[in-house]
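Down below is the structure, laid out as structure tokens.
Lettered A, B, C and D in written order, each chain numbered from 1.
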């Protein structure tokens, strides 16, 4: 779960990492706590808001009102701005980059720092990004911090002030089960304070149960994706118009890929996973219908999930509610024949192979 | 031979008396696997399909010489279960459970290294060697045929599909190992490749990859340097947009890393033959010989 | 550092482990907080106080006054009673044993529990003591607790109440850098509460700097040993009358052993360690004089510690303050000849071998 | 051969620029040891006896291929120093520092196992192999003579005395290793015995034990089962009373365990020849041949 900047900063504060003085504006007319000058920052779960005009400076209340009105109108990366963070303006002496992520290859937290803060880290040259791997059996140690800070060519005094931040951020990262915590930029201010100007915090969804203080918000999801998440269904909305249902994430992805091969474009990714519960299949299919795809492609390989279970779930929905788009199915594996019969009875088109099914779906969708 | 499991594999199932545990103990026994014990705290003395249940892994190991554990316990108890198995002397662990917090997985993966043990998973379907009649996991038994292709995969069903299409063509498998769909897993493509390279029974290797992380890129580099056996691959997720988790926690293009394009390019450079559709793997292997 | 029972129990309380209601009596006339009936427990840093009469029940204030007067007169295991803990009497249903120690062979904390609480654990049969080793890389886990409790044949309900105590005691053990924490007995009371009736806590001296809340008291040391500790000298008072100075703990012990071989008896163990500082040698020798041994045996093997440095330190003290007991020295190693000359000038007897020196010291001490 | 150190040993000294560090770098160089680097944070670029100083062990290892570390840093920084060395790829660590908290030592000893590294100490004088001109530690150089007796000891000076008396009789040493006087140490008598048993240069082993713990009893049992070379021993502390720490943190009879009597009995049962006085070890070894 990606936290909004202001929520991430609340966690920073909890761990003793300094942040700019600020206030969260919940709606356009909420000006009471404003101070001037201030920086108005749109709270959206995506990057690039600066370029999109989501960050603006206001010197007076007049200007702030006008700018807030504008920002609350914005959609950035597809997300309507619903909250704005107003912060004091910090005089910047140096900008640094500081983050912890997971290194999947080494199976360890990775600490990264750079003297080039304030820009997209992917655009910073590799030799200007310094790395320390934190073995999970020992956690962060003084030598990690000492080692990475020595490479940043800071003043001794700056090192002393930054070292505790590096330590505290690791604690936050570990204790809140984060996938990512990033401060970009971490600034040394004109008056020699070390302040986190931005906050990017992504908490591992699977560990949210350990953090009841974090209300699951999932700002980055669409309405249907949120509904699916609540129901425990892997459901993702994409740009295209063909809805794909399959069992297993890999198989679902492979089905989407097959569509692309035939110039079709997936609009929904719906993975039934390992369920063999007709009720869950029914819920999933209903969700698919709500996404209003032009064609639905059902691709099953039956194992633990039996083909007929899925077929029954699908046909129940169709017979009850009808369906206003063609459904192409490709069925293989456990109880394949029973399933095919059920689906034929429900009026579905059955294809012989994934290639065949993908081609027909793409043609029907007419992309 | 085979990899990670063989005729000496003696399985203890952690989380044996639940619905999943009972069902898969039966399936594994039918496959021919030596399932020697189950563990469910408080249920010592019970039996599942004739397999004795113990309170602790330590007691199970002492009584039955189990050396391999199948972990089926819920996500929030999995780290404890893996630690328990490792401290009891289990040397191969297959962790089926999904939704295990990543930090938990990192800890137990490294603790397993300390113990010199192999962890397969988490969030994986397990491992099966048809020739050795050893299956530790939840893979459907019917799809396997004994043979000489080694399969290592980050996905479940997709792999069944591929294995099934191999079997339908008469191309049998030495071992099929599901590595798991999480970003943090114990056994990587590189580990599986090394094991297959050593395995006299394996003549060719099939890798089933997907978007997210750099496991395929790492594997490609490793293949160039260390693997002499032919390698075939399929990569799922060519059309996945960045930032979306495609069903698996690990299948996500994050911060510009983990695209299918980069993986395909790396494999091509390493001389790995790539399939465009899952069942095309069987065509490629057949053509190869 | 061994904590007094009442101090250990304060730590238990801090970690949420229940203890009996109680009050510490600082001097004989301090009765104001007493309640009745109560158990009066002498606070001494050694075991066996029960048999010595250091634990007594008082039903009334009258009786308590009388018994307190008695207890404050006591010397138990050589230690004058200076504090008494008065506690409520707990109705006991079951007595358990619970401890964490260091397993030196496995280099891990060892958790031990037994259903036979309340007696000296060394007298409990091995098959009634259950053990779990806690790997320091992972710390305590649920399975350790589950595993050991399953062997104690408790009621389900009792297990549930005891499990958190086992966890909390580990936390105390680890966080306070303990060598030992022991609850014997841990009782299940008549009203089904789990209560620590006793508390034995030994904190690793070398980690005391991490625990500023624990004032270093070292109740178990003699006055001279405390003085030595403050000066950083390894000094132990023993039962005999020969003072042994050597450099290195092993060599000092071996010197004491050699005395015993010749029927002598060491009265002081003084290890100069690896120092090559004449001032420290002087301090050590002064300390030795304060212990008033009948004979002093100085055994040196010079390496990093040079023989002449020690000789100089010793002769300085003797020439300044004199010495009223014979000093036998045996010198070997770096700058041996210079040292022998210095010591001969100071009137010391030099022996050729450890055996010779030990024999002559023992004869002089006339044990 | 020799144990734990040899002609390939390249030493980095952690805590190189302090008084102790400077002195012992000189002594080790004089012994012939390859001291290739020193580490003191903030002193990169300096030199001690011509040995370059680095900020971190990682940089030292990258620049000099150091494989062995001598840890001389103060007790409260030692755990960090050991972790740093292990993560930098150091495979043999000699920890001289005393007064390291036991819990710190437990953690780094097990982390070293995870890394497959050898830790000698803490609270030890180090290790010396006169034949290989390799000394890592603070043992006095002058006492050693090249030869075939392996010495492993829990004490410092007492060992110098014993080694010196061997040398005076013309009995040389293959390797002399001080294991340390703390209750928690990385390398035990058993580890040293196994290494000496494998070492073709070692013909006999001398163990110098003391009261506290059961290291000698464990060793005795191990000797009976696995060690074929003759073993000689001296045990210090026969007259130590229970409950008193005899100078070393590890030399304490606690809870009825660790008496000299029990150790002597165990060694006698294992056929180990015991000396009553330190220098008597030389008599016993000489008599043996």
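Note that contacts are C-beta pairs under 8 Å (C-beta built on N, C-alpha and C of every residue); 3 or more make two chains touch, one makes a residue touch a chain.
Being a predicted model, the structure only gives us computed values, none of them experimental.
If you average the Cα atoms per chain, which one ends up farthest from subunit D?
The chain farthest from subunit D, judged by C-alpha centres, is A.
Taking contacts as defined above, which has more of them, A-B or A-D?
Most contacts of the two pairs: A-B.
Quick one: subunit A and subunit B, Cα centre-to-centre, how many Å?
Computed from C-alpha means, the inter-chain centre distance equals 27 Å.
Could you state the distance in Å from the CA-based centre of subunit A to that of subunit D?
The answer is 53 Å.
Between subunit A and subunit C, what distance separates the C-alpha centroids? Give it in angstrom.
57
Could you work out how far the Cα centre of subunit B sits from that of subunit D, in whole Å?
Those two chain centres are 43 Å apart.
Any chance you could list the residues of subunit A touching two or more other chains?
135, 137
Could you check subunit D for residues that touch two or more other chains and list them?
Subunit D, residues with two or more chain partners: 107, 110-111, 114.
Would you mind writing out the residues of subunit D in touch with subunit C in their complex?
Its residues touching subunit C are 75-76, 99-107, 109-111, 114, 138-140, 142-143, 153-161, 164, 181, 183-185, 188, 208, 210-215, 218, 234, 236-241, 243-251, 255-256, 260, 276-279.
What does subunit B use to touch subunit C in their complex?
Residues 41-42, 44, 55-58, 77, 79-81, 83-84, 87, 107, 111, 114 of subunit B touch subunit C in their complex.
Which part of subunit C faces subunit B closely enough to touch in the complex?
Per the stated touch rule, the residues are 133, 135, 137-138, 141-143, 146-147, 150.
Please output the residues of subunit C touching subunit D within their complex, sorted ascending.
Going by the criterion above, the answer is residues 101-102, 104-105, 107-109, 121-122, 135-137, 174, 177, 179, 204-207, 209-210, 220, 234, 236, 238-239, 246-254, 256-261, 265-266, 269, 271, 273-274, 301, 303-305, 332-334, 353-355.
Would you pull the subunit D residues touching subunit B in the complex into a rising list?
110, 113-114
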